[in-house]
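First subunit A sits with subunit B, and in the next complex the same chain sits with subunit C.
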Partner chain A sequence: MMEFSTWDILRNLLLAARWTVLLSLVSFVGGGLLGVALLFLRIGRGALGRRFAKGYIELLQSTPLLMQLFLAFFGLGLFGIDVPAWLAAGAALILWTAAFLAEIWRGCVDAVAKGQWEASSSLGMGYVQQMRHVILPQALRVAVPPTVGFSVQVVKGTALTSIIGFVELSKAGTVVTNATFQPFTVYGLVALIYFALCWPLSKSSQILERKLHVAHRHH
Partner chain B sequence: MSLIAITEVRKRFGSVEVLKGINLDVARGEVVAIIGRSGSGKSTLLRCVNGLESIDDGSIMVAGAQLLPDDLHLKALRLKVGMIFQQFNLFPHLSAGRNVMLSQMVVKKTPKDEAEAMARRMLDRVGLGHKFDAYPDQLSGGQQQRVAIARALAMQPMALLCDEITSALDPELVNEVLAVVKELAAEGMTLLMVTHEMRFARDVCDRVVFMHQGRVHETGPPDEVFGRPRTPELQQFLGAQL
Partner chain C sequence: MTYRFDFSWLLTYWPVLVKGAAITVQLILVGALLGVALGIACAWVRSLGPRWLRPVAGAYVELIRNTPFLIQLFFIFFGLPSLGVQMSELQAANLAMIVNLGAYSGEIIRAGIEATPRGQFEAGASLAMTRFETFRHVVLLPALQRIWPALSSQVVIVMLGSAVVSQIAAEDLTFSANFIQSRTFRAFETYFVSTAFYLALALALRQALRGVGNALFARRAAP
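And now, the complex of A and B:
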């Protein structure tokens, strides 16, 4: 039987962690872009757009990410379209991230005081001008910490894609365990790598929150 | 012809009728104070004149143009009447100078240097020329309210609506704001103000309107309204004020 050193295990896990990082980035950036579009539909003046965005967000937030992954992976297969695991994983995570980010950001826009709308209205500004010059700059400041905080959820969310066969950190953990029969060591290392990815994000979210809060008071 | 003509205006919030047929004309250059208990509808009336609340019935004319609830008419109206709020509502992410410049540049498309020159003039006018670069949270309440006045003035409105503009201020800061308003009145600005400052209303206003339960209950020159109140409601209101 072949012997595996801890370094062998770690090296393989780190190689797979690159895919976790890449998938997280793609999901976060893609989800962010789609989230902005959803946000403007959600807070916009078109009733149809508002209803669509609200329905979309509620649907995605009220179903498990795993089901969304299954649907993306197997759903299109029913129509004879062969979806590779990386595509299903990326698409499902982008759609999922967008729903949560849009809702987080909507809360930030709502958090801007009503008086800001009234004052800018009374100065003759239209909706788009108010949004661009008065509301969004203030909402943005509030939005940074929870957005960075949510990126942690995205990183951890990528672990689920192992179930549809996308080889990222968790899947690699399973593969390596099957070869080494050292589940505790392997999954312990997997957890440590996730921690190393996520902890700096949570920490920076906290620091940003404090910084922006102070900036808000003193500039 | 009056600058602001309010005719039979009614406003309802749900089942509560807040304004029950208001008639009020304000002439050019006139300074009118609206007094009354809280809940008498005076703030709502002011907000209707600026289009922040829609009216259910009646009409509001400003400088001969009817107030209609679409974007184009509202914008035209708001270029004619400025509004000052109880809570100042300065834009917290912009310096005082930028606060005064923003709407000129965005709404009137004034070039930046002209908007800045205007902002400096208006801040000077309210005695805050030296605070151009200060952010709202670095200013006292009284200073913030004066910046808000400068911001409204920079749009060169024909009239200013003041909604209890000193009510959120510490007592020692009230006078610096009232002094600015008094100066505006002396320069001939048309002012329609909801206020609890009875002494100020008596000193500065041409006419005082007493609102009670959604109606204009009594109106007249300050000497008459304060000196010889005719209705028991006004007598009681003034009695409670002293």
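And now, the complex of A and C:
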């Protein structure tokens, strides 16, 4: 039987972690773009768009990500395409991320004081101008810490894609465990790598939030 | 698209789904009760507890919040037996959910405790209550009331996250879905129906938590 050193294990896990990072980036950027579109539907003037966005967000926040992954994996297959795991994983994570980001950002737009809307409309600004020059710049400041914080959820969410067969850090952990019979070491290392990816994001989100609070107190 | 949807398997297999859903409900009941209890303990240590214990609780919270639930589950179920800790699938699933919710709710409840006005502690001390008695009788309930909405959403998130316990063969709702799917080859329909089950569970859980909140805080005015 072949012997595996801890370094062998770690090297293989780190190689697989590249895919976790890549998938996280794709999901976060894709989900962010879709999230902006949803946000504008959600806070827009059209009643139909608002209702659609609200329903979409509620649906995706009230069902397990794992089920969404399964549905994307088997649902895309219904169209007769052969669905590779990365495609289903990316699609489901983008849809899921968009729902959460849109809801976070809606909260940030709501957090802008009512008077700002009234003041800008009293200056004769239209809806688009109000958004562009008054509301969004202020909402953006509030939005940064929770958005960075949510990126942690995205990184952790990618772990589920191992279940539909996408080979990233978690899947590599299972594969390496099956080869080495050292689950304690392997899953411990996997957890540490995730921690190394997520902790800096959590910390910077906290620091950003504290800075923002200090800035607010000076008003 | 030439695919024809077929839900006829539901006639035969619905008891399997119901049984799985019952396990999921059992998991979240135990997980929520003990997880929030652990969270309260953790929040107490971090904001009022002995100084030497604070970094320990802090490390626990950071470690759990920055690693995926799936890996925590695998570590508990596959990793711990090498230290001589053996568990059934359901016990491991329960433990993982308790540990996970303990960390998240600990952080949420801590925010509630830290929003307590100083005067409340001083009032407790002036009535000759110990620090723990003040916490237990004066601080805790209003703190929970303050953060109840956030805590409720976290419980729902943990319930939805529990779908992955099927990966260690705990026989929850997702496990039932996988089983049916492997028998009927109706993957999309099976997951569609089980997703609807989860949706119903999430809505019911949210409603139940609102009810529990109303009962717990009934005699108190809003903060």
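Simple rule for what comes next: the second predicted complex is superposed on the first by the 212 of 219 C-alpha atoms of A that agree within 3 Å, B and C clash if a C-alpha of one lies under 4 Å from a C-alpha of the other, contacts with A are read in each partner's own complex, and residues count from 1 in each chain.
One rule holds in what follows: a contact is a pair of C-beta atoms (placed from the backbone, for glycine too) under 8 Å apart; a residue touches a chain by one contact, two chains touch by 3 or more.
Because the structure is a prediction, the values reported are computed rather than measured.
Q: So if we stack both complexes on subunit A, do subunit B and subunit C clash, or do they fit?
A: After superposition on subunit A, which the two structures share, subunit B sits beside subunit C with no clash.
Q: Now for A:H133: first (subunit B), second (subunit C), both, or neither, which partner does it touch?
A: Touch partner of A:H133: subunit B, not subunit C.
Q: For the three-chain arrangement built by superposition, which of subunit B and subunit C touches the greater number of subunit A residues?
A: C
Q: Quick check for you: in the superposed arrangement, does A:G115 touch first (subunit B), second (subunit C), both or neither?
A: Touch partner of A:G115: subunit B, not subunit C.
Q: After the fit on chain A, how big is the angle at subunit A between subunit B and subunit C, using C-alpha centres and going to the nearest 10 degrees?
A: 100
Q: Who does A:G124 touch here: subunit B (first), subunit C (second), both, or neither?
A: first
Q: Once both structures are aligned on chain A, how many angstrom separate the closest C-alpha atoms of subunit B and subunit C?
A: 25
Q: After overlaying the two complexes on chain A, where does the subunit B footprint on subunit A coincide with the subunit C footprint?
A: none
Q: Can you list the residues on subunit A that touch subunit C in the complex?
A: Residues of subunit A touching subunit C: 59, 62-68, 70-71, 74-75, 77-80, 152, 156-157, 159-160, 162-163, 170, 173-174, 177, 182-184, 187-188, 190-191, 194-195, 198-199, 202.
Q: Give the list of subunit A residues in touch with subunit B in this complex.
A: It is residues 113, 115-116, 118-127, 129, 133-134, 137-138, 141, 216-219 of subunit A that touch subunit B.
Q: Can you tell me which positions in subunit C touch subunit A when the two form their complex?
A: 1-3, 62-63, 65-72, 74-75, 78-83, 156, 160-164, 167, 174, 177, 187-188, 191-192, 194-195, 198-199, 202-203
Q: Please give the residue numbers of subunit B that touch subunit A in the complex, ascending.
A: Touch residues, subunit B against subunit A: 50-52, 71, 74-75, 78-79, 82-83, 85, 87, 89-93, 102-103, 106-108, 135, 137-138, 148, 151-152, 155.
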